[in-house]
Amino acid sequence: MLKLRNVHKTFDIGSINEKAALCGIDLQLAEGDFVTVIGSNGAGKSTMLNAIAGVWPVDEGSISINGTDVTALPEYKRAQYIGRVFQNPMTGTAASMGIEENLALALRRGDRRTLRWYITKTEREHYYTELKKLGLGLEDRLTDKVGLLSGGQRQALTLLMATLKKPKLLLLDEHAAALDPATATTVLDLTNNIVLENKLTALMVTHNMTEAIRHGNRLLMMNAGKIILDISGEEKKRLRITDLLERFKELSGVQMETDSVLLS
Amino acid sequence: MELIAYFLSLKPLNLLSALPGNIVQGIIWGIMALGVFITFRLLNFADLTVDGTFAAGGAVTVVLILAGIPAPIALAIATIVGLLGGLVTGFLHTILGIPDILAGILTQISFWSINLLVLDGANRAVNVDKYHLIVSLRNISSSIVTMLVFAAVLVSILYWYFGTEQGSAIRATGNNPQMVKAQGINIDFMKVLALGLSNCLVAFSGGLMSQFQGFADIKMGQGAIVIGLAAVIIGEVIGDALIGKYMNFYIKLVFVVLGGVIYYFVIGLVMWLRMPTDLLKLFTASVVAIFLAIPYLKAKTNNSFVFANKGGAQKNA
Amino acid sequence: MKNMKRIILILMSIALVLLSLTACGKSPEVSDTTPSGPEQPEAQSYNIGICQLVQHEALDAATKGFRDALTDKLGDKVKFDEQNANGEPDISATICNQFVSSGVDLIMANATPALQAAQTSTNKIPILGTSVTDYGTALDIDDWTGKTGKNISGTSDLAPLDQQAAMLHEIFPDAHKVGIIYCSAEPNSKYQDKVITEHLTDMGYSVKSYTFSDSNDLQTVAKAAISENDVIYLPTDNTIASNAEIIKNIALPAKVPIIAGEEGICSASGGVATLSISYYDLGYTTGEMAYEILVNGKDPATMEIRYAPKFTKKYNPDICDTFGITLPDEYEAL
C-alpha cells in the first residue's frame, strides 16, 4: 500500500541550523495496517508524515502509494490518496465556513472543482448520518461555523473529513495531543472505530505510549531520523510500556524522556 | 448668528435632488467594492492591483468607444483587460513568490505606464453627445435603472459562483490554505482565479465610471482601493446592524454594493453642507475609522465587566 | 427595536463628525453668502458652482480671479458654491451632479477633468472652463474652431508657445540642442511639447523630448536630458512644478540653463527666464465672461475661448549672474 525507500530529508542545508531530519527511511505498509509511531521529540515522526503527504520534496529516495510513485507529486495532488488530521485543531478545518461546507470540501478531496453547486440535498443527508455517528451532536449544527466548535469537536470533524471519501492512506499527526485527556481518549477511540470499520491503512504519530500500544496492529519507534523498532502481530499485542522504554534505551543508547512520554 | 445663517442657507431639497446621481456613482463603486470584497475578505489577499485595473478599465473603454466600437463591447474588452491584470498579479505571487502586497503594487504601477500608452496621454474625453454610452451623468434616471440591473445580476452571479465547488474552494483558500491543500486543491490556481475575477469586476466598474463621468483620466484609479475597502467595511457594519445574525452571503454582497452607495451619499452630504473641501479626505478617513471601530467596540462592550455586571452575563451565558 | 437603536447610534456618530468638522472650519463660503434664507426671491441673485480639480497654486489663483471679477461686478447678488475634488477626477463628477441637481445658474470648471465632468453633467446650464489648455481635445470635439457650439466656453491657459520659443532664441541664439522635459501623465504637457517643438525646430534647433511617467523617474530622465543638451525647456506641468527642485539640483552644477513655461516653475527650477501668464488674470477674464452670460444673456456657444490677456517676460537675477547672462530691460526680475 505505502512504500518508502531510502527517504532522506535535511533542513536548512548549509546553514548553522542544518538538521538531518530523515536519514534513510525504509517502510512498507500492507493494506489495512494501522501503524502507531512513537519516538522522542525531534525523532522525525512528523517529518516522515509530512514527507509522505508531500509538504515539501524529499532529498533522496522514493515514495509510492498503492503502486503509484508519488515522489514528484505536490501536496495537493497526493491529497487524492491521503486523508490527514493535524496536531493543531485549527489546521484541519476552515473556521469561518460552516460544518457542512467543510464536509463538502472534503467529500471532493482530489477531485477537480467544477461549477456544480457544492452541497446537494442527498449529500446533506449523508453528512447528517455521518456526523450523528460521532455522537457529538454536530449533526444538528450543519450550518454552524466551525470556528464555534471546541478543539475536540474540530478534531472529530477533521477526522470525519479525512475519511469521508475513503483515503488509500490516513495520516494522523499527534491529532489528540492538543486536547484535554478525556477528549483525547474520545477522539482516539473514534479514530480506532473509524479506521477499523472502514479497514483503512493508517499511520498514527503519538506521544502517548499507552495509546500507541492500545491501538493498531503495528508499532514503529523512531530516533534521529530512523526507524529503530518495528513490532507487529502477536509481539505487539503483548507489548508493555516498560518493554518499550527498555528497547528504546538499548537501541538509541539514551534514556527516553519518560515524563513527556508517559504523562502526555 | 453666523451659524444660524449657515443652517438657513442649506437647502434640504438640494441634498435630495443630488441623491440619484450619488446613487449611480455609488453603485459603480459598489461593483468595484465587490471585486475588493473577493480578494480582501474571501481570499484574504491585500490586492493593490485594483488602482491600476480600475483606471485601465476606464482607459480601455474610452479609447475603444472613441475608435467607434459600441460601448457594451468596449466594456467587455475592458473587463478582459482587468482579468489579465489580476492574472499577472496572481502569477507574480504564486509562480515567482512575490508577497501579495508587493505583487499587487508591481502590477498597479505597470498599469500606470500601460494606461498612459492606451490613453496616448493622461486624459481622454468621451463626449456623451457623440456616443451612445451605457451610463452617463447626463441621463441619471436611466443610468440608475441600468446600474440597479447590473448590480442585481452581478450579485446573483457572484452568489452562485461562490456556492459552486470552485467558488467554495476559493473561500476556503482564503480561510485556511493548509487545509485546502490537504483537500487536494491547488491553492495557487485558486488565488490566480480569484484575483482574475476580482479585477474583472474592478475594470468593469472603471469602464462604467469613465462613461458616467465622460472621461478617462490616468489618475482615476488613485486611491480606488481605499474607496473599495471603505465600501466593503461600511456595507458590512450597516448590514450587521440591520440584519444581524440573519445575514447570509447574498445579503452580504448586496450590502457591499450598498456600502459604495452610502459612501457617495456621505460625500454628497459633505458637499451639501458646504464644508471646506480641503477637509474632505479627513472626513472620509473619519467615517471609515468610525465604521472600522464599531464592530470592535461592540465586541468590547459585550465582553466588558461593566456590561456583565448589568446582567449582560446571563444573556451571554 | 434593538436594531433601531443601533442604526440611530450609527447615524448619530456620522452627524457628530459632520458637525465637528463644520464647526472647526466654518466655511469661508458662509461669509460671502448673504444671510438670505431659501425663502427669499432669487430673481436678481446668481448661484454659481465652482468645481476645482485640486488644491494648486495656479488653480487657486484662477478661482480667486473668477470670484473677484464677479464680486466686483455683482457684489452681493452672486453666491458661490466652491467645491474641490481633492485631485480625484471622479469626485468632480460628484460635484457637478450636485451643481446640476441644485440648479446653479452657471458652472465654473477649473482644470480639464472638472470641465469634462461638467460637460457630461449638463447640456443646458452654461459652463465656463479655466486652466484648460486645449478645449478641442479636452471636450472631444472634432473640427475645433475656437468655439464649442454648445453650452461651454472659457479661458485657455495655453502659454504663448511661439513667443516662448522666440524668447529662448533671443537669449540663446548660439545653442544647438534643446531638451524638453515633461510628465506624460499630465493632460496638457504633450500638447505644449508638440507645439513648441515645431517652433524651435523651425528656428533651427535640434529638439528632443524627455518624458517621465511619475515623479520617481524624474531624476533619471532629467540627468539624461541635461547631459545631452545645451538648453532645457520646461512646459507648464503640474508634476514638474511639484518637483522642480530636483531639476535645479542637476541643471545648476551642470551649468545647463533652463527656460520655463511658467513663473513658479522658473523660480523653483533655477530657470533663467520665463514668459508666463497670470492665472489670476485668467480667472478674472473667466469671471467677466460669466458676467456677460448671466447678465447680458450671451450664449456660451458663440463665445470664443479666450486667452491670457497679457504676458510678461521675467528673469531670475541670481541665475543670470551665475551664467553671466545679461538680458534686455523689458525683462522683469522674478
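Per-chain numbering from 1; labels A, B and C assigned in written order.
Note that contacts are C-beta pairs under 8 Å (C-beta built on N, C-alpha and C of every residue); 3 or more make two chains touch, one makes a residue touch a chain.
Since the model is a prediction, treat every value here as computed from it, not as a measurement.
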Let me spell it out: compute each chain's centre from its C-alpha atoms, then which one is farthest from chain C's centre? A
Chain centroid nearest the full-protein CA centroid: B
How many Å are there between the centre of chain A and the centre of chain B, using C-alpha atoms for each centre? 43
Express in whole angstrom the distance between the two chain centres, defined as the mean CA positions of chain B and chain C. 31
Need the CA-centroid distance for the pair chain A / chain C, whole Å please. 69
Touching residues (chain side chain C, partner chain B) in the complex: 3, 6-7, 10, 13-14, 17-18, 21-22, 25-31, 33, 35-38, 55, 81-98, 100-102, 112-113, 116-117, 119-123, 137-141, 150, 184-187, 190, 213-214
With touch defined as at the start, can you tell me which chain B residues reach chain C in the complex? 2-3, 5-6, 8-9, 11, 14, 17-18, 20-22, 25, 66, 109, 112-113, 116, 121-130, 136-138, 140, 209, 212-215, 217-220, 222-223, 237-238, 241-242, 244, 264, 266-283, 286-287, 290, 294
Which positions of chain A touch chain B when the two form their complex? 53, 74-77, 79-80, 82, 84, 86, 90-97, 101-102, 104-106, 108-111, 113-118, 161
Which positions of chain B touch chain A when the two form their complex? 161, 163-169, 171-172, 175-176, 178-187
